[in-house]
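Below, chain A partners chain B and then partners chain C, in two separate complexes.
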Partner chain A sequence: MPTTYTDLIADIRKSIATVTLEEIKRRLDEKTPMILVDVREKEEFRDGYIPGAISVPRGFLEMQIEGKVTDKNAPIVLYCAGGTRSALAAKTLSDLGYTHVESANPGFVRWKDLGLPMEKPPQLTEAQRDRYSRHLLLPEVGEIGQAKLLASKVLLLGAGGLGSPAALYLAAAGVGTLGLVDADTVDASNLQRQIIHATSRLGTYKVDSAEKAINDLNPDVKVIKFQERVDSSNVDRIFAGFDVIVDGCDNFPTRYLVNDASVFLKKPVVHGSIFRFDGQVTTFSPHTGGPCYRCLYPEPPPPHLAPSCQEAGVLGILPGVVGVIQATEAIKLILGKGNPLIGRLLTYDSLRMKFGELKLRRDKTCPVCGDNPTITSYIDYEGFCSIG
Partner chain B sequence: MEASSTVRIPTPLRTLTAGNDEVKAAGATVAAVIDDLEKNYPGIKDRLLDEKGVRRFVNIYVGEEDIRFLEGLKTELKGGEQITIVPAIAGGC
Partner chain C sequence: MEHTVKMLAFAGARDVLGAGEIAFPLAAPCTAAELLAAVCARWPALEPYRRSIRVAVNGTYAAWEDPVAWGDEVALIPPVAGG
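Let's turn to the complex of A and B:
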């Protein structure tokens, strides 16, 4: 048993594998698979790190490493500032059953002195690190993912049933820019489900009412208001600059217009629709090979077979569930994590409390995204939807 | 004994099935199942099909698969399948 720190570190150095900085640089250049783990404190990491490294401060190593590196046989290279903490960390990982662990010798101080490449994490403010702390703990988000969210721009079509919960959660998540498209004012009959609005804002424009709620919730979010109905003449202007479209509009002509615009402009659309107790959600991303709305429904139903919520009623909570799933899809698309609902239609029956999943396929004969498209510019959508 | 399938009826069509959200129907193909539905629930066939086939705003699935990408109305059924009717809905309000 070692009796002093000097004995302890000498013993550990004998039992672990070390790797030189030159070797790490060579592996980075050759893209040799390895998981670089920076075991320094968060403050040290923030000032710069070896490109691609993940941060697991030594104090959290035992608690966090199995969540971040699930494969115990993965090649892991640990580093710290000088090579001591990483040596101690390497011993810990081998005690935890990791089989392929090396400790860099020396460490990041020397790496920086040598002028080797380094990255700096996105600079979140202290307030942002606090606000998004639960995101920062998730390996799938972290500071890099949160910075992506803050830099992202999501357009919400409709600040109504679906748009309300989607906008609130996207704002809370720190999506940096939210576009809101809605020409209506807040009516008392909206408040049974449109939770972004409030009794105190009855009669005000929905985009203004929603902006107020968003600003109250998260001042990081910039709101861009479009107090208008989207149509063929303004869709290109409204869509410009947005990364993801969340479609929560309430009529077929707009659904087809939004689809065609998203195909032409190569933007993903997170689609949600509701009727009474039923909901449907999917993500259309035809520019990455998925189907589009016209592949799913080549033509709209005749108007008398397509009653609106105003005519048919809707369970107030239903758009909450569907809109929040849409927000989840939007966040996943921005982060590039998980499996989006591309090519899958999620169905939700709130009475039976059942979710279902149906396969959607790209239709090679689709008039807008198929192999030989016949629709290459905007059409008369009102006319297209009134033929029954 | 003819093959029998379970058919999921979407909300807008439940006025035709006395409010039932799931009904049984017999038939060895999707077309035969729809004919059998029509016998018990008159008017439903017209909501699903036109003279060219399945209406373009309705999708019929056998299991998870759209019959447009199987054999259409001729898609054969062994019995016990779940058939799901999914109409286009536009609401977001």
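Let's turn to the complex of A and C:
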């Protein structure tokens, strides 16, 4: 039985497998499959780590490792600064049933001295670490995910019922650039649901009103305003530079235009639409294999049967639910986490309080994303939607 | 098995049918297109939506030639554009 710390370490070192830094470098160069786990403290990791390593501080090892490495037979290489903490961690992992664990010897201090390649996590400011602390606690977001959000650019079509809650949550989440497209001004009848606006801003442009709310909420967010209606002549310019399009517009011609643009420009569209008490949400990403809006709805309804919220009425909370689901999808696309609604239509019936899901199929004969597309440039969308 | 399909109607289609869920009698198994034709014949107010509405069978958007059998769950989904 070890009686001192030195005895304990010596015993453990005898029971675990070690690996040299040169060997780790060789495996990295040859892309040998291995899971590199940095068991140092977060602050140490932040100053640099071996490329590809995941951070699991030793104090959290038992709690977090099974969430991060599910395969107990996966090849795992642990490292710390000098080789002691990683040796202790290796012992812990083998006690937890991991069968293929090695501990680096020595560790990162030597790695750095040798001038071997390292990566640095994106640096958040102290204020950002504070603001996004609840995100940083989530392994699925963390500093790297938060940095992705801060570097991302999301375009919101419409600063209305859907765009309002989506913009607020995306801004709160730290999406670094938010584009807002809306030509309208704030009307008193908007405020029943368009919660980004305010009574004090009645009559001002919605893009200006929304910008004010966003700036108040999160100064990290840069707002790009498009005080115009999106149409065939400006869609390429407006979409340029954005990673994700959140479609919360309010009419069929724009829905079809947005779809065609997203196919041509290969950008994902998080689609939300509402009618009275019902909502539909899906994510279109035809360039990665999913269906497009035309696969789903080849033809718009005749105009007199396609009433807007203004004509048909809408439960004020409905776009809140739908817009927030759209924002969730946008965040997931940026983080690359979870399962997006690609190929699935989420239906929401607020009266019956039921969510449903319908599987969507790509239409090989789709005129825009099919095998032999007939629509290869923008068409007359008003004309297309006025037949009926 | 009764000779019906469980029919779910969304948005404008539900307004026309007057209910979100009904048992719709089906004389014989048919295609999705034939089902929609039968529904439009029963509720003529739905006829103008016919070209834009989509039918899902057992949770999947159906092609018009896809079969519909007794006991299937069929959904009528009109596109909605509000935002």
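One rule holds in what follows: the second predicted complex is superposed on the first by the 388 of 388 C-alpha atoms of A that agree within 3 Å, B and C clash if a C-alpha of one lies under 4 Å from a C-alpha of the other, contacts with A are read in each partner's own complex, and residues count from 1 in each chain.
Everything that follows uses one rule, which is that a residue touches a chain if its C-beta (ideal position, glycine included) is under 8 Å from a C-beta of that chain, and two chains touch if they have at least 3 such contacts.
Computed from a predicted structure; not experimentally measured.
Q: With the two structures overlaid on chain A, would chain B and chain C clash, or do they fit side by side?
A: When both complexes are placed onto chain A, chain B and chain C end up clashing with one another.
Q: Examine A:P117 and indicate which partner it touches, taking first as chain B and second as chain C; both and neither are also allowed.
A: neither
Q: In the superposed arrangement, does A:G67 touch chain B (first), chain C (second), both or neither?
A: A:G67 contacts neither chain B nor chain C.
Q: Taking the superposition on A as described, I'd like to know which of chain B and chain C A:V314 touches: first, second, both or neither.
A: Touch status of A:V314: both partners.
Q: When the two structures are overlaid on chain A, which partner does A:P300 contact: first (chain B), second (chain C), both, or neither?
A: Both: A:P300 reaches chain B and chain C.
Q: Considering only the contact definition stated at the top, list the common interface residues of chain A for chain B and chain C.
A: Dual-contact residues (chain A): 157-158, 160-163, 247-252, 255, 272-276, 278, 280, 296-297, 299-301, 305-306, 308-309, 312, 314, 319, 345, 347, 349, 351-352, 356-361.
Q: Spell out the residues on chain B that touch chain A in their complex, using ranges where they run on.
A: Chain B reaches chain A through residues 10-12, 21, 47, 55-59, 61, 64-66, 68-69, 84, 86-93.
Q: Which residues of chain A touch chain B in the complex?
A: 157-158, 160-163, 247-252, 255, 272-278, 280, 296-301, 305-310, 312, 314, 319, 345, 347, 349, 351-352, 356-361, 363
Q: Quick check: in the complex, which residue numbers of chain A touch chain C?
A: Residues in contact with chain C: 157-158, 160-163, 247-252, 255, 272-276, 278, 280, 296-297, 299-302, 305-306, 308-309, 312, 314, 319, 345, 347, 349, 351-352, 356-361, 388.
Q: Help me check something: in the complex, which residues belonging to chain C touch chain A?
A: That would be residues 8, 10-12, 14-15, 20, 48-49, 51-54, 56, 59-61, 63, 75, 77-83 of chain C.
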